[in-house]
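Naming follows writing order (A, B, C and D), and every chain is counted from residue 1.
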């Protein structure tokens, strides 16, 4: 099996291009996805290749075009909706939460909304408090939608196809710092990967580090450092934020008896809180110490670089937390 | 009193717009009712004559109570009787979410903290958390329990807490039944050669050196198990790990009920006499207190022997994290066929249970055959 | 040895292997096994005790005669009276 | 303009229009009664007074067209052809309800009739309708998506976003604003600087028409003009039907925000009473025709009640069904 180096951005672009080529029902809609090429250049060249009907630049009407995407999905299309950042998605929250997530249940199973909504999330580029938040947790709270967070080029390349084949609304969170990251992508005939399981990215026996999305690479780097101290870390990538794959989490903590959850969301009411609660519910008697969390500080993400860094989880925070848990 | 909203449970009659004897028509407003949201007009859904008013202005009445009677109205369309207000009781209701998680209370408010995993390990080793030295931070974790369990000099305090023992058995056996998919294999073994050899052996020995028949059983089991990696070990964290030594735990019954299964470490390394003295010592210390923690925690397989004048056979339950257990019924003289002749022989039913996650019934059968072969040549034990 | 001495001896050896029985009434004709859940190891230790205290060599074949209190008494007195 | 744009008001069609309005009226009066008797719970929003709109507009739609409605949608569902028993069973919360008891009065759905429900977020249905129309346009289908909403929706951002998208992309959607003058208890004059909703739409370059929403024939004629244009590929059309609800906003509404005299004045213009009178005056129908329509409606309603009563409760074990579709589930078209 050969592998090639690819950026996360190109993995996303390849995945979308493949989907557009494979299925005439697929189209891309969002602010500046066409002539501009996408705010993160994920759809560069698409307008020329696929035309205006399928690469639709929208007005700045998040609720309108997300709702239109939901309607188009109901009408037999397979839309990919791009929202520039999770902060802007709040303007479309009504359509996602009140319509996309409820339609199936509210109609007694008559309808389903096969829409894919992609959005950038997270801090790290000094974009301050209206472009940097991690609000995945809010969406992961809502039944009726699936929420995924590809953290690797393999998942960025492979999760979209599975999401488009899913009859339910799927929200894809792409951490904005990942687009320029490069990773090894194994050559395959079919890149599709599951969107319902967590994955162990590194095995270890002393402590479980549970994370997702933009925090995965930081967590792996921390695990590397901790290994030098003789602390064997098992790194679990959640991948799917709703529904959560409890089995993998619990299996890991049953082995290591200790756990830290790394989550760029704010600590209060976070995904980290949910993951911690599930471990406490399902593996309490396997725990050999309190579960720890490394989350963002309870502050709107600030602009200045040193403040932004201090507000969000960093490698050294994860290392320090692990050392503390191991010392107990 | 009609229901005008799901959040309305009562209303106060403000005024009657019709009097008894008045004709009313469907859609007429006959009364005004004050609610939390303000005054609302009450309409009728039938034609007829207002025959009786039952509620006077100023009265607050619950939803469902009759305000007035209209003659000529279809009975079905009368306001529902008061009990329909509670008709929700007839609706299927959602079961309570989940049982609250059972929590383990600390031994004492001021005592050392113990982690859940450590508490469980201590319990399965028969260790009293109060006897374990906490770490520097004052917490007993897995590390401290393991250290205590492996500390050869750590002995159980004399006297057995009957309830604690029952709890430990309950938790270990419940876990076993819950987690371990057991298979069972039974064979009837002709132990006449062993019993005859033992009788002759014991006749030559002074009384203190005589052996119980449990001893050759233990020796044969230990020698046999050395060949069965997949029956001797521990299943931990979803994975099976075999152990180099065979440490057979012997089920020793307590006179007031319950049992403890201390292990004879490296059972196969002991000859019959040495095993006998180990066993004798183990039984004494089990009964009187004074077992080493290692003897309690390091068993890799268990043998349970019903003994004389008890019952023919038992289906043993594996003692987790072990994956195999041998259960011996009483030895009895029963008819047996040898060379087409029915002859009286001393027979013993042996049932083994194995953990199906690790091995299959075929392995249990192979063990029984091997075990029987060794017992058939007792002089070689 | 007088009969009361033999009785005391049997009690003492029984309590030696099972101290928790001390003070309990002993039914003379019921087996120790049935009364007190005495198992084969206890029985063996009990017989070893009897043997040491009386100096008698007790062959395994005689063990069944020592299963009850009265059995013990008659066996010991018979053996002690017997020549050799 | 095609031939279908003209209303052929012969005796049969007149009876059909009147019959549908009477059915809605009788059905909803029964709903009010059943609500008082606690058979129907939650919110119940009645359409009484506004019947001419649903009845008139639906005449212009075919079975292939899509309907997106609001939480005041019993009338639309009935005229669209949903089985009355299933609508009522839904309000009872029964398993034979249109939405298996998951939606209630505000959320009637029916895939077979392309009835996209009962949306209870004011303005929430508009982007959905735009999307359905977008799908039709992209797939080259000649269908109309008809979106009903009240004048209260015009204050929502989603209204404006949807007008803009529909006009910008030339989508085959027919917007029908049923302007009954009150957003719950707030009068239009107290919430909009421009009280002509049609003019809002016009500002997005959508051809718009205001029509007397109490006149079923006028509504049908306007709807046919709009639907035919949409079907012909002329882009979106907007209809503002000026109407009035005779009942309070919902059952638990003391109706403190409007004068009794105002209600009474509108009642004289009621769609059923005026159309009946007009037909009688023009000798298109006889009084016994109307009586027969009423008997028929009562019979339909009685059978719907019996059906809803007889239906069973959804088992609680099925509580969590239909939250997510199983992978491989295909949307029925």
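What we mean here is this: a residue touches a chain if its C-beta (ideal position, glycine included) is under 8 Å from a C-beta of that chain, and two chains touch if they have at least 3 such contacts.
Bear in mind the structure is a predicted one, so any value in this text is a computation, not a measurement.
Looking at C-alpha means, what's the farthest chain from chain A?
The chain lying farthest from chain A is C.
Once you find the CA centre of chain B and the CA centre of chain D, what distance in Å lies between them?
That pair's centroid distance is 59 Å.
Averaging only over C-alpha atoms, locate the centres of chain A and chain B and give their separation in whole Å.
So the centre of chain A lies 40 Å away from the centre of chain B.
What topology does the chain touch graph have (line, ring, star, complete, other)?
It is other, because the touches fit no line, ring, star or complete pattern.
Write out all the pairs of touching chains, ordered by chain label.
A-B, A-D, B-C, B-D
For chain B, which residues are in contact with chain A within the complex?
101, 115-120, 135, 137, 139, 141-143, 237-238
Give every residue of chain A touching chain D within the complex, in rising order.
It is residues 27, 53-54, 56, 58-59, 61, 63-77, 79, 94-95, 98-99, 103-112, 114, 143-144, 146, 165-168 of chain A that touch chain D.
Sort out for me which residues of chain C touch chain B in the complex.
The contact residues of chain C facing chain B are 18-20, 33, 36-42, 44-45, 47-48, 51, 57-60.
Going by the contact rule set out above, which residues of chain A touch chain B in the complex?
Touch list, chain A to chain B: 251, 254-255, 257, 280-281, 284-289, 327-328.
Write out the stretch or stretches of chain B touching chain D in their complex.
Residues 2-8, 27, 35, 37-40, 43, 45, 63-64, 77, 79-80, 84-85, 87, 91-95 of chain B touch chain D in their complex.
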